[in-house]
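Please find one structure pasted underneath; my questions will follow.
Just so it is clear, A, B, C and D label the chains in written order, and each chain counts residues from 1 on its own.
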Amino acid sequence: MAIRTVVWGENVHEQKNRIVAGVYPKGMHQAIADALNQDPAIEATTATLQEPEHGLPAARLADTDVLLWWGHAAHKEVSDEVVERVAEAVWSGMGLLVLHSGHFAKIFKRLMGAPCNLTWREAGERERLWVTSRNHPIAAGLPDHFELEQEEMYGEPFGVPEPLETVFVSWFQGGEVFRSGLTYKRGAGNVFYFRPGHETYPTYHDANVQLVLKNAVKWAHNPAARVQGDVTRAPNVPVEQALESIEERGPKLHHAGEEGLR
Amino acid sequence: MAIRTVVWGENVHEQKNRIVAGVYPKGMHQAIADALNQDPAIEATTATLQEPEHGLPAARLADTDVLLWWGHAAHKEVSDEVVERVAEAVWSGMGLLVLHSGHFAKIFKRLMGAPCNLTWREAGERERLWVTSRNHPIAAGLPDHFELEQEEMYGEPFGVPEPLETVFVSWFQGGEVFRSGLTYKRGAGNVFYFRPGHETYPTYHDANVQLVLKNAVKWAHNPAARVQGDVTRAPNVPVEQALESIEERGPKLHHAGEEGLR
Amino acid sequence: MAIRTVVWGENVHEQKNRIVAGVYPKGMHQAIADALNQDPAIEATTATLQEPEHGLPAARLADTDVLLWWGHAAHKEVSDEVVERVAEAVWSGMGLLVLHSGHFAKIFKRLMGAPCNLTWREAGERERLWVTSRNHPIAAGLPDHFELEQEEMYGEPFGVPEPLETVFVSWFQGGEVFRSGLTYKRGAGNVFYFRPGHETYPTYHDANVQLVLKNAVKWAHNPAARVQGDVTRAPNVPVEQALESIEERGPKLHHAGEEGLR
Amino acid sequence: MAIRTVVWGENVHEQKNRIVAGVYPKGMHQAIADALNQDPAIEATTATLQEPEHGLPAARLADTDVLLWWGHAAHKEVSDEVVERVAEAVWSGMGLLVLHSGHFAKIFKRLMGAPCNLTWREAGERERLWVTSRNHPIAAGLPDHFELEQEEMYGEPFGVPEPLETVFVSWFQGGEVFRSGLTYKRGAGNVFYFRPGHETYPTYHDANVQLVLKNAVKWAHNPAARVQGDVTRAPNVPVEQALESIEERGPKLHHAGEEGLR
């Protein structure tokens, strides 16, 4: 069965800015979904900020294997309820790819527990991405480096936790570097941050970028069944159900059958 | 100069529960602070939920090198504003030790971006902590293992991100295991989670536990100066200040001197 | 195409010890290969110490996606040349699963750069493995814990580098714990250490253990093409081939076209 | 007590090459030791390849808290016995800093279990190091970035295991990037790799480089007592000494009191 993938797009600058609309006439989300759908192992649809529940009702998330997230101008308009719902979907096993300016998306900051800040410059300068984890599944089929002739610069220090693996590091013409591909796991869900993708450039039309996204969808897809029920619960294990026979001892705070404090 | 340390205690069960009050007549926070103050390299004071701003006004946090956090019954009563303030202090370089039931404290969940859940049983069973990172500074002076004759059980899976290092793993009499000592970094701040410390047992009077806490305060103390100003800002680097000479090219979204979107 | 898998067995105790021969009449390697071959996605064959080049000539390794390694009594009899060949195959992208007493195999110590030591006891005690990385692909389909009624005990501290992820932690009846499932990457190759498997017990006939091995073969399989040529080479990049135009400056040690020092 | 530090230098090019001798008239090792000794917390001496046992007899290593290693032309002349001795000192708790071309030193490859290869170019180009782990102790007191006007280029992919933390990433004028500061732990010993230091340039006279080295010595110093005895031993725990009472069951391979197989 193909990997059920949803590309979430903020869909703001595509509607307001003629340059962006020219580069991505069907919206960035649709351009990305089209690229993913070239791979028969992936079945990608889209969701946008403007739809009810931002296009991400609980039932849809339950049937989503991997979610991609692109946002920039309207991070604050994303409802906290949807953010929490997406976080719980990740914890229960859904994969998540966060793209470019999504570093400041509520969902990314929520999952990182860190500022996720950086330095930036919009000057159409050359970016060159280097693979730092040789033959990582996300880099499969890529050369050791590839270039984007025009991109926005993001510079270190990038305020994120140390990743499980650093897959790409970018070189910028103006003298900065940036850890451009970072893997994380949160609960049962795989998370990948990928840097490129400023909306005024044709980045998502680039073949290498498209290959990274296809690879990353496959990498983020967790083959284990999703965690069912409340993914945040902390169940009590009664003494009589202990795996090894023990006798209750000492003073107690909790009563039998009590829910834990939270 | 001694490491300026603040022990934050919820101070609820000490006031309400005779068993807890008996074990910790001056409160758990004071017992921990007293233990830390045995070490001349540490200068520990206390703060509690009941004080204005929970005893953690901005000025105090600015002068705190390491904060310890113990909470259980009143996680929800901690103000979100103070939680965010503590998170920003961590990101700017303050160390943080989270103790026992603090796994569900708002500040820990905030920094982990994960459910932080587990299984539990209050039966006064034996816990044995094993050192899994040999000679880690937090384990300095400890034997390969030590026991707490009565403790609450916490069992895996523990819903936290993979740590930088796993320092301790616990064995429980009833058949469970738990990763009991985990190190993280968030922004410029070091974070250590340490499992033992149920309030009805004399855990914080145990010499090995006290040694872990002293070691952990030293480990968490970041010798670099705190990040000044807004630790979450993402500054623009103007083209004319680029470290290498570049010329602006291509279409632009932002205007010169504009603040970034967030 | 199925994952081309080779199960390497030392094949010593199966020949010398009646208990082991009784539990694994066709050898441990064959028992493991038979279990793997139940999965249509895997195509497993075997190799043993006694074959020429230990059954691992270069041509066979080049066609192997994942290698499993079980050894105990004869680590020293494995030729250094074959060990280095296997190491280079891993660095170029072959997956490697190291089983039980293989913690002291030359190839594991070679890849870890660490003592890989532990404590042990052969008393047929109960082992309970707990999943510590929820829904990790290697734990797909497993319950949160499973038991082996009789196993050899391995205890911490386990002298290995901090893994990318800790997937399992074991509880032992005699009071020890052990990090039983650990993931690593070396060069382009994924490495997984899995603890159970003492030769006098029917561990590799256990359904949960077999499931872990099948999952781990899939996890270790690197979809990217193997690195071709010398995987240890450090190529010079001549000035005139630099990606950005630079001029040679300053004093030089090396002559044009010179090989690097190693 | 000051941190007892030994700077090991190959001391070959300083004797053979006039340029290197001009930049480091007392040898690179002495230049580095002099810089470290400016810090009252450090007490640095030197050792060289040409001394008996390369200046690193067992007794000296036992009294060394942190060892720095610079080699380039004569990696092959370092005796395997000394390499193994240094590895065991690291595993028992000695810190190790590996500098520049030491990426191909026997001791670094021994501890990494990986090829440790890279690309390179000697063109006196500009290197700019960016701090990627904000306020890491090794970066204490440094700005977010600093430059070396002339350095040898090292490019990714760097064939090393994923580090505990990436502290620095370098930008090179010719278009490459490199993870320039990487932390590891092997056994009880902290290991730091630091990229800059080509012998024809005055890198070790640079104030920022000197600050990194001083910080790194303090970071690598393990406050816990060194592991005594054979750091690779795997002791048997007899049934009668088990921490929890167990009875021996099932078939056995080993006899009571037997040494383990290795």
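The criterion applied here is as follows: contacts are C-beta pairs under 8 Å (C-beta built on N, C-alpha and C of every residue); 3 or more make two chains touch, one makes a residue touch a chain.
Given the structure is predicted, the values throughout are model-derived calculations rather than measurements.
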item: Equivalent interface positions on chain B and chain D, same or different at half; value: same
item: Per Cα centroids, the chain farthest from chain C; value: B
item: Centre-of-Cα separation between chain C and chain B, whole angstrom; value: 36
item: Centre-to-centre distance between chain D and chain B (centres being mean Cα positions), rounded to whole Å; value: 30
item: Gap in Å, rounded to a whole number, between the CA centres of chain B and chain A; value: 26
item: Junction residues of chain A, two or more chains touched; value: 128, 133-134, 145, 155, 159, 162, 164-165, 173, 175-176, 185, 187, 243-244
item: Touching residues (chain side chain A, partner chain B) in the complex; value: 13, 17, 19-20, 72-73, 75-76, 87, 91, 101, 104, 110-115, 117-125, 150, 153, 155, 159, 161-162, 164, 173-176, 184-187, 198-201, 231-239, 242-244, 246-254, 260-262
item: Of chain A, residues touching chain C in the complex; value: 93, 128, 133-137, 139-141, 145, 147, 164-165, 173, 185, 187-188, 218, 222-227, 243-244
item: For the chain A and chain D complex, residues of the former touching the latter; value: 128, 130-134, 144-145, 155-159, 162, 164-166, 169-172, 175-177, 179
